[in-house]
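Read through the structures below before going on.
One chain, subunit A, links the two complexes that follow: it is found with subunit B in the first and with subunit C in the second.
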Partner chain A sequence: MAFNKKDAKDCAVGIGFLLPNILGFMAFTVIPLVMSIYMAFTDWNLEMHNYFRFEPIRFVGFDNFIKLFTDPDFGQYFGNTFFLMIGIPFGVAGSLVAALLLNWDFNGSGKRRIWTTMLITAVMIASAGILVCLGMGATAMTLLMVSLIGGVLVIGSLGGKTVYRTLFYFPYFTAGVATYILWKKLYNPLTGPINNALRPILEALNPVAILIAPACTAIGIILLVFVGLFFLSMVRRKLRLWRDGECGTLSAWLGIALLSLPLIFSWSWCSPSWKSMVEYNAACAVETARPEVLVNVSTTNPNPVWLLVMAIAFLATGWGFAAYRLSRGRKYNCIPDRAIGDSAIVDGSTMVGLMAMVGIACVFWVLPQMVLQTNGQPTPDGLTPPQWLADYYWAKPSLLLMGFWGAIGSNNMLLYLAGLSGVPQELYEAADIDGASPWQRFWNITWPQLSNVTFFIMIMAVIGGLQGGFDMARVMTQGGPAGSTTTLAYYIYTQGFGTGRLGYASAVSWLLFLLVFVVTMFNWKFGNRYTNE
Partner chain B sequence: MKKLFLGILLLLVAAAFYTMLTATDRASEVPVITWRTDTNPQREEQIMLFREWLVRNGHIQKDKDGKPVLYTQEEADALNAHYGVKPGEPHSVKAGDKKPNGNVVAETASNQSTLIQAVSGMAGDIVDTAEVLGYQQMGVGVPLTEDANKNGYGLNTTYPGMAGLLVGMDGEQYAYPCNGSSATVWINMDTLNRFGVKEIPEDWTPEDFERIGKEYVMRANEGLQRQEYFFTQSLDSGAGVSLLTNIVRSKGYDLYNETLTRCVADNDIFKKYIKLFYKWTYEDRLVPNAADVASMSTESGYGGADFSNFISGKYAMVVTGRYCLIRFREVQDEKNKALVKEGKEPNFRINFATRLPPQYEFKNFIFGTRAAMFYRGSKQPELAKLFMQFLASKEYNRYIVERGDGLPPNPSLVMEELKAIPKTRPNEGNVNLQEVEWAMTIGIPGNFSPFVKSGSPNWLQSSINQYFNNRMTLDEAVKNIETRYNMEIETSKKANPRMMEAWKKDWAIQQKIDEYKKAGRKIPAEWIKNPFYLKYYREKGMLRESTPGEKK
Partner chain C sequence: MKENSKFLTNFAKLFSLNVVLTLMAVLLVLPFTWMILASLKMLDEIGYDTWLPEVCQWHNYRDVFTMKGIFFGRWYWNTVFVSAWITFLQVFTSSLAAFSFSRLQWKGRDKVFFLYLATMMLPGLVMMIPNYQNMIRLHLVDTYTGLILPGAFSAFGTFLMRQFMMNIPKSLDEAAEIDGATKWQLYWDVVLPLARPALVTLTIFSFIGSYNSLFWPLVLMKSPDKYTLPIGMLAFDSSQGQQTNLLMAAVAMSVVPMIIIFVAMQKQLVKGIMLGGVKG
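Let's look at the complex of A and B:
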């Protein structure tokens, strides 16, 4: 095809339009990116290499990467980054629920709306009354929050889903720093509204906690056993899918590996709590004249190693069973990575749920120490609300909770809303004719139809999670207490601009990139297939 | 669309040119230097003072015939408006005044931004920093020793202990103090009196601190549902590190060894006092823990939340620098203005006093400085050097004393002014003169090593934090301090061959020092790099001072 003068002119104009963007992209993305690859393999240090000092740049090979893995803090920061990602499935689930609610036309007719408004207002007034009776209305902030929630309900019931859609999206277009400062106030341990609301509830629960204190060991163990049994049942489900040709071998192993993680981590998470419980029980036995006051496993000399044995037993059973079934072959074959999305999403989310269960078991083990002294008398403070950002163990969950709040009303919700509008109505009509319940409609129509959206959201959330945490850490905690909220992104910043070791900081950045790249590749390879399955 | 695109492009180009041409240094007919400093309204006043100083010292703008250029009425009005002063007020100009032959523009930036600009050749002509040594190692500073000695801003004009903060690893002076900061205990006498606690002794130990603190906390919180009053701010902070340093130094110990080549914190003294801090925080409740701090005011600004809690009476005392006088006076002025509005007598005063931090035998006082470093990329070196001279001048030092903006850099010029302050501001006690005297006599910089980068984590504070959060035992925490700082030293050495060379040289000297100490011999003073040990050994008679002409 001939390329005439007009085409050349059009081409020049097109390039002219694109040039500013291309130049900006080159100057601020491509060139720094290439530079950072180079830096990661050199000893680039601002002390020796800057505008005024041109000492030879030494190629150090993989030294920066080796240093990274031998850095005593890197593991902690890496773990922090992953810990904060635990909130992703909850956030995605929250945004799906929000989207489903917002997709529901609850405006109805005028009469119905008035009744709804009256009902909600009555519930709100009653709730406020109960809160005041419980002592939660002690602060103006609590009352303000109750009023705010009530106001939102009333306005929503009048204005319909448009109001709610706007309100739910609020966190996303509010400036990050402003919301962080707001949450910092909410998390204030002594005067914050969250603890003001929790305090009377915990006071009310304190007698219950004292009552169940002797059974806490057993409850914790039951929860762990439940985790083990759930693991086995999910392995069984996976193998059934594999047998029926609905799941590939690779996907089956991936799912089982993900499901195994809570049991693997249970040792390191539970061991300290269990150990402190054992020590506490021993102290109780010494302190009290009647050690039988606390009826628990202490009388049988529990040992934290038991936890390890229990976890290994469940894992061995699950993996042994899987190896046995997979070695026997199956009737219906399929490609190895079939249903890999199911493994990533369903098993991944189950893994997070099981990890939460392990965490609850730990809480039960430290509960007696919170409510009972070693002499069997109740502690003066009883159950106290968490110190949130000021506490090493609560700082990360605090950020997680805040992230959950932000995730519900984020772009994910909009994507789900868009996805919901694309679900063919005839599917629902057919389900109605078949007499499907609301849950069946959701599980067999809505959820599969939204699978592509879910997969995309999950992948993007994981990428965001790997890169995130910097602004929260910078504004709310400065990476503390004791490094508990320092993420990889924050670590890169402190290494690069704190010490000037740009080579090392680049190496950390590239490791992070590698992780993000793997996730992206996963999406690219399996995203469409998951949707079609 | 094409025309619109082209139009926007031209508009942007024109805007860029306009911005470039109207930049202060291009628009000005005299040389202009940029002063990269902190956000403080007093900087503008100091710039006006510099302009006056230039004129007073004959650095005036002249026309072609060599005659002084004078302000016209319009120019004078515009300049006064620019600096927010009314005609006739101090620092204002009027028509007919001579114009200075130079100007300064203050620019604010965070430490990180300043670092990036400095290594990119884009920083201001004068860079304010507390990390002169770090910048010197990057090669972005200009050695000033010769010019400083010639023009009256040499090390002999400032505090004896300040040298460690202004001199690079090569022994050259790179900066001059703008204003000194110090770690003094500021006591709110009104708060103490309110709860009937007797005055704090002039010379007090950690035991006195604990005894008086317990009495105060008990009385102040009597009848309250939860503890609201504390003796001082959190020790899981920079103030805690400073106090710990005071205490261990008073016992003859320090974070680093004599040549600053190794951290030596893993000892019983560090353990004992970190444990004491834990006791004060979690058992005696003399100081707030992290949750208490998070629950109190989060007001920021100079002095941050600690200062607000101190003013409001939540803390009986705070460990802070003399610059907090700016805030004290602001608070007093605001309250008095409010009283006047209410038709009352403006007699509100915060009565305070200062003490050395509680410590033992070897009295020591930690100070630092916001120092002005002459940037290597400066395009106006002569004016920048004049600015350095200005910092050492009587006018500037008097200003610092009057406004409470830290310790004056050249104190000998303003002793009379310092002595006069108690007459005009009786509620401030003798803090002004007292701090200068401490700085002159027992002042030592805080912990530093040239082999540990200033941007590295504060492992001392971090380890205390880990111990306070039950993440480490006391033994582990103290071991962690030593291990982590020594790892930093190792990293710095490996990352920079020059650093490695310097370290090896100093390490060899350290071996000799250790041998001398073991043998009970006097150590040559020039071997000691750690300002604390230099002062401590000198006082204990353990040093052999070199005489002029002696071979080192």
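Let's look at the complex of A and C:
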């Protein structure tokens, strides 16, 4: 080993510069890390080990982890964490749309811009005038909206891209306790502006709902059949890609597995009747409600068997077809994990879209029971706006909606903007010569060119999503109602700092680490390859 | 004639683009509009259909500071104080470490750096519980020191600064060495001034991060007058949250510094996100 005096001096200088950082690194990362591993295997509990009563801390092996997996609540919290991650593709799509719009050519000549501004102002004044003249609401509210829209239009068309970018970025930039409190007020079922706006709309829609109520079951079924058919066509697309060597065996199976999820969920989602949902919510509202009670309420209305049969039929067709095709071999071979990023992004996003459709089918499912009584008479309340955060079924979608609001103009939008400016213009020129439509231009040039940005964003979002949900849960819902918004991060907080089960909380945090680790490995293994393709 | 029609098409495109963007922007800004208007209402008016207050109650903003049990001004000051310290220390330690990782040659450097990188993927939650136990032992619970210290070191900051410093030409170092500069002079007089964009970026990031941080202050701080804004707002919401108008005034005031920073620093911020994102 050539470790002479000069090396030693270099080393000393190098470490010297590192010293302040490395001390902190030791104190607040390495030592806690070691302690945390130790704690995960002990029964450290503040009820037994505190200032007044100190029993020796026992080493309990894997007991904490076993307890974790046998805990009935834990499965729910685990599911919540993943449910809230459903918002990711929507948010990413939103920021892509925003970036595409902002990337449009704004560089009109000064003259044109002034013309635009003048025309916009004219339209604005005219529309305000029309609204006032028609008496459609010469109220302050209408004027407020018109002036808001008009103001942004004028400033935007004068200031161009920067103004819109700034406005888009606001929700993300200010995200934190303050905006969560704001949304809590917006969602207030009685005094919040969202329900204030929804009430008249739903009242107007009530007759329509009564009219279509008899057809609702049929609409629900049609939607589910559509989901099934879409699943089959996506499986077919996947298999065609596989046959042509465009995607590997591993990624084909991953894609098909992802696409199957909506059908699997459709059975459990579309089942609960309105009555049992109301009872369930009422049970959740009671402080002492335990999961056993809730389960009893929700199982009083069993799911229709034929729904299960339908879902299984679609799944069996798709999987059977896939197994048949995959066993027959293919024309062009490739490595098993080729295009696994495509599976993860495209199929994952499609899966989320299908999930949303299953959700809509579920709404149609309960709609007749909301507007019609069993004797066929309209219900006294009619369609009512949801209770949002106070409702067991609506709490998570409420959080998703808020997340979407913040995610559109996020860092992701800026990353996409940077990515878009890096796409070579020659490609678009060539496409124009070939007579490509805007749609084709997007799918064949922009989307593939942005694939590495998308992959990076998705991975970061998934890693963030696994650890996320603490701030929202703490500020807006306290993890409720009945644990419906408790994520893993919030669970660690309640266990570690609420009930003082330090050992158990550490075990949960290591499980979380394991999940993050798997995603990171996925990124390292496939991230760069996908970029290079 | 042809010129003219082309002008009109472009014009129509630009116009419709502006309209679409405006509608999106307005939808995103609506919650803030409601927030401002609600903060100017009287308490009774909150649930009304109209968003506009009958008479603007500007004194709501003053009242927030004089509420019983709500030390709003104090929280403001605490947050700025703590965030400023965290930012200063973090930028300083990160730039020192990044200098060592990028400009100095020493054995085992890249291995140590890899270790740093590896800790970036650890969920912060894993460290929270033992960190809190350590803080109890060090008697740092409910002190600003306990709040500032763990935030003063950042693997992400080191990574960001290193990426930037790697791109500063090495020949500068050599020229400085020939002139007889020590390593410290090299760091202070040559590399640091050139790394200004990265310094600014990290400053913004860490200031915003500590301004918004909730978890650590929440578990560490016990006495209400030492709260930072996020946990203070939380306490406000849970103790006197039914006073929506005052709460909204407080929310508006706590969001204002963020908006000012963003509008003032927009250019650097956008650059910085590219620096940390795409390359990473």
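The rule we apply is simple: the second predicted complex is superposed on the first by the 425 of 533 C-alpha atoms of A that agree within 3 Å, B and C clash if a C-alpha of one lies under 4 Å from a C-alpha of the other, contacts with A are read in each partner's own complex, and residues count from 1 in each chain.
Quick note on the criterion: contacts are C-beta pairs under 8 Å (C-beta built on N, C-alpha and C of every residue); 3 or more make two chains touch, one makes a residue touch a chain.
Owing to the predicted nature of the structure, the values given are computational and were not obtained by experimental measurement.
Participant: Mind working out whether A:Asp471 is in touch with subunit B, subunit C, both or neither, as first, second, both or neither?
Facilitator: So A:Asp471 only meets subunit C here.
Participant: Just checking: does A:Thr179 make contact with subunit B only, subunit C only, both, or neither of them? Give me first, second, both or neither.
Facilitator: second
Participant: What is the contact status of A:Leu190 with respect to subunit B (first) and subunit C (second): first, second, both, or neither?
Facilitator: A:Leu190 contacts both subunit B and subunit C.
Participant: Could you look at A:Tyr164 and tell me whether it touches subunit B, subunit C, both or neither (first, second, both, neither)?
Facilitator: A:Tyr164 sits against subunit C, while subunit B stays out of touch.
Participant: On the A-aligned overlay, A:Pro481 touches which partner chain: subunit B = first, subunit C = second, or both, or neither?
Facilitator: In the superposition, A:Pro481 touches subunit B alone.
Participant: Based on the superposed arrangement, let me know which partner A:Val13 touches: subunit B (first), subunit C (second), both, or neither?
Facilitator: A:Val13 sits against subunit B and subunit C alike.
Participant: Which partner does A:Leu389 reach: the first (subunit B), the second (subunit C), both, or neither?
Facilitator: A:Leu389: touches subunit B, not subunit C.
Participant: Of subunit B and subunit C, which one touches more residues of subunit A?
Facilitator: C
Participant: Quick check on the superposed pair: does A:Asp43 touch subunit B, subunit C, both, or neither? Answer first, second, both or neither.
Facilitator: first
Participant: With both complexes superposed on chain A, which partner does A:Phe497 reach: first (subunit B), second (subunit C), both or neither?
Facilitator: Both: A:Phe497 reaches subunit B and subunit C.
Participant: Intersection of subunit A residues contacting subunit B with those contacting subunit C?
Facilitator: Common to the two interfaces on subunit A: residues 13, 16-17, 20, 184-185, 190-191, 497.
Participant: If we count contacts the way the header does, which residues on subunit A are in touch with subunit C in the complex?
Facilitator: On the subunit A side, the touching residues are 3, 7, 10-11, 13-18, 20-22, 24-25, 27-29, 31-33, 35-36, 39, 98, 101-102, 104, 106, 108, 112, 115-116, 119-120, 139-141, 144, 148-149, 152-153, 156-157, 162, 164, 166-171, 173-179, 181-186, 190-191, 193, 196, 405, 408-409, 411, 414-415, 418-419, 453, 456, 463, 466-467, 470-471, 474-475, 489, 492-493, 496-497, 502, 505-506, 509-510, 512-513, 516-517, 520.
Participant: If you look only at subunit C, which of its residues touch subunit A in the complex?
Facilitator: These residues of subunit C touch subunit A: 7, 10-11, 14-15, 17-26, 28-35, 38, 46-52, 92-94, 96-97, 99-101, 104-109, 112, 116, 119, 121-134, 149-150, 152-153, 155, 158, 183, 187, 208, 211-212, 214-215, 218-219, 229-231, 233-234, 237, 241, 244, 247-248, 251, 254-255, 258-259, 262-263, 266, 270, 273-274, 277-278, 280.
Participant: So in the complex, which bits of subunit B are touching subunit A?
Facilitator: Touching subunit A from subunit B are residues 2, 5, 9, 112, 115-116, 118-121, 137-140, 226, 289-295, 298, 376-377, 453, 455-457, 462, 465-466, 469-471, 491, 495-496, 498-499.
Participant: Which subunit A residues qualify as touching subunit B in the complex?
Facilitator: Contacts found on subunit A: 13, 16-17, 20, 43, 45-48, 50-53, 184-185, 187-192, 387-392, 480-483, 494, 497-501.
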